[in-house]
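By letter and in written order, the chains are A, B, C and D; residue numbering begins at 1 in each of them.
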Amino acid sequence: MTSAPAPLPRVQHVAGRILDAQLHLMDRQVLDHDGVPVTTVDDLEVSGPALDEDIEPGSPAPVLTALLTGSVLGTRIFGGRPPSSRLIRIPWQDVAEVGVVVKLGVKGEPLDASWVERWVRDKIIARIPGGRHDPR
Amino acid sequence: MLNTPAWAPAAKGRAHGAAGFAILAVAALAFLTGCSGGTGQSVSTAVKDSSSAVATARIALRQDMEGKLTRAAASTTLDDELKEVHTSRSTVLKLSPASQEDRDLQKQALDVLDQCAAGFATARAALATSDGGSPSLSDGDKALAGAQDALKQLEGKVGDK
Amino acid sequence: MILGDLLGTPVFDDDGGRLGRVADVRFVLAGTPHQLMAEPRLLGLIVGPHSAASFLGYERNGLTRPHLIARFLQWRHRGSFLVLWEDVALVGARSVRLRPGFTRYSAALENEEKA
Amino acid sequence: MKRLLGVALGILTAIGGFVDIGDLVTNAVVGSRFGLSLVWVVVVGVVGIILFANMSGRVAAVSGRATFEVIRERLGPRAGLANLAASFLINLMTVTAEIGGVALALQLASSVYYLLWIPVAAVAVWLVIWRVRFSIMENVTGLLGLTLVIFAVAVFLLKPDWGSLAGQVLAPSVPQQETAWSYSYYAIALFGAAMTPYEVFFFSSGAVEEKWGVKDLAQSRINVLVGFPLGGLLSISIAICAALVLLPAGISVTSLSQVILPVAEGAGKLGLAFVLVGIVAATFGAALETTLSSGYTLAQFFGWSWGKFRRPAEAARFHLSMIVCLLVGIGVLATGVDPVLVTEYSVVFSAIALPLTYLPILIVANDPQYMHEHVNGRAVNALGMVYLVIILVASLAAIPLMIVTGAGS
């Protein structure tokens, strides 16, 4: 019973593109509107279901609400989980395209996910002479 | 699948490859530095290293005499090889031989290594005063050749045992 | 909830029989349309009876090369199936329970290159 | 004409950039102890790096994704982090070794003690990374590194007995004063020196830096297919030099000064000048590559903005991490640890960590989502599988051999 000998039936066709979380989204590079790397998809946030509660038959399927980044990477590797308030989210509304990379439809600069980059830039790198020099 | 975590089940809390690698590396290094043979083994290694160093120094001196090597390169080479002899000497010095025989061997090795160091001193002095003063480069080479012979004798002796 | 918590969770049928682990979570871009992309709605779970480890991209794509690696990973992933959201009865912190009489569907993806 | 010039430049840079402190030291050590009986390993290693660099370069050119992005995506965070930790540690060791190599070569040229050169070398590396354009950086160090051709010239000037050399190469045997264990250990070290992972990180990230596309694939293939084997010949001539001059004198190489003696023997002071320029250029170039590679691997794993084509302020964490690496390298060297010893360990650790970097590239080079029609051909895949086995065996055997042989002593 565990390894079905007969080929399994295919699920009937659903309109819309199929995305497997692990296969297509997790650990992919996230680029902003201008192709600048923002982060990697460290995890994903789903709208439900509530943990350890029976799911009523017919209840609507949860949806993917946001890409997660930041400390969630550490907990995904080493276990545990950060409090919800510590999660850094990139809402799905900002996602423009999913391919080999995940492209956003917005600029990466003002996003929460970029705060470390901004901090390192403003406090350290931009203060070193030549830090804003264009190499090209 | 041996050391390829890629193929291992990704159950939570599994041994982390990164940590494993680091521990393995540290353990290997600890093992390497910790292991040492007996007195004979250590003396033999020290003698081999030193004779390699003396041979290098002689080549450098000869090349300097033949005008093939610059002064800077020759003196750097001598410095490097002197350091090698020093390392060997301090290894032998730190041995704690158990038997009278081993104590004699240690004493002999230290004498020979001192002779090497003295040879290096002459050779370096010769390089520094190369305007025809003394010691001359050939004096330096002679001193090193003497040390080389002594090393060879000792090597034969250690090898016989 | 966080999806990473769900991946790797053991899956049981209604009688408490163990079926495997959650190997992946399948979404379909068919939720509320947004300006850029529609919202991905959870379609179902991919359950792997033998291992929930990453399959290095071989799992459902029909990749066949290099031959030996592909064969090895397909063998490790044999018997994996898709269960639809409608057949999921409970998602817990340590286990997922399916409804009685759930259906196993093929986990294969339609060839993306054609799509 | 301009295109031809580009091809020639690419090849020359590949040759000059092939040799680094790992190749210099390992080949000289092996030549002085094992003669030419391990030359076959260099050949195996060069074919391996051609295969590996060509695949990662193709992935980068077609998909725009550099090697460590691919590693994270395929291996996931856990195995990816293990690989990052190992690769980063080896990279750091190699950065340290290369900067030490620059300093040692400068000491040979000036007789100023090498520890005084280390801060100079490290600051120079940082300045180039901070300011100089990627293509200029690569071409200048590569072309200057070409002066290492003097090793090959010296082989001819030493007038060897070609017949006996060929005999040693074609019918390799373990020299009687060495054990089969240390022979195998140095075989792995040579393999690791030829197939250092940083070369692949650098090569693929460089393809992104220079905005390679599908149209540049032919050029990249020529660079690799012609440049690397010629670079491999340079490696082999270093070993031959050591085998001709140092082996008969009973010298086993432990310092950089011994590496250059055969060249002085064959080609005199002029040869010495060439070899010192070559070593400084090659190790300096490799110091740049390894420092950048540390930044590339970190940035690509975590998804940071990276690249020398951006202003430093637009890739802040990338630049900060490289500064930290250089500081750590200076700190390690300041303890007085022997750079040659660091090199000898780094090449063996490279061999150990190789499978985790190699496998994801082999797989993604077959994935049409990334590669479209440019996936691996059958022959490449067959060779790729053979090398997967070789790399696994070398990786698994390295640590036991290191323990048995006392790291080859």
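Miscellaneous remarks
Just so it is clear, contacts are C-beta pairs under 8 Å (C-beta built on N, C-alpha and C of every residue); 3 or more make two chains touch, one makes a residue touch a chain.
Note that the structure is predicted; figures quoted are calculated from it, not measured.
More C-beta pairs touch across one of A-D and C-D than the other; that pair is A-D.
Put simply, the chain farthest from chain D by mean CA position is C. Rounded to whole angstrom, the centroid-to-centroid distance between chain A and chain D, based on C-alpha atoms, equals 35 Å.
Computed centre separation for the pair chain A/chain B is 56 angstrom, with centres defined by C-alpha atoms. A straight line joining the Cα centres of chain B and chain C is 61 Å long. Centre-to-centre, using mean CA coordinates, chain C is 42 Å away from chain D. Residue numbers of chain A whose C-beta contacts span two or more other chains: 26, 76-77. Of all residues in chain C, those that touch two or more other chains are 54, 56-57, 61.
Among the residues of chain D, those touching two or more other chains are numbered 74-76, 78-79, 81, 359-360, 369.
On the chain C side of its complex with chain D, the touching residues are 54, 56-58, 61, 63, 65-69, 112-113.
By the touch criterion given at the top, residues 26-30, 36-40, 42, 69, 73, 76-77, 99-101, 116-118, 120-121, 124-126, 128, 130-136 of chain A touch chain D in their complex.
Across the complex, chain C meets chain A through its residues 1-7, 19-20, 23-32, 34-44, 46, 49, 54, 57, 59-61, 78-79, 81-82, 84-86, 88-93, 99, 103-110, 115. Listing the residues of chain D that touch chain A in their complex gives 63-65, 69, 72-73, 76-78, 80-81, 130-134, 299-306, 308-314, 316-317, 319-320, 369-370.
The touching residues of chain D, when paired with chain B in their complex, are 74-76, 78-79, 81-86, 89, 107-111, 245-246, 249-252, 254-258, 260-261, 264-265, 268-269, 272, 276, 349, 352-353, 355-356, 359-360, 392, 395-396, 399, 402-403, 406-407, 409.
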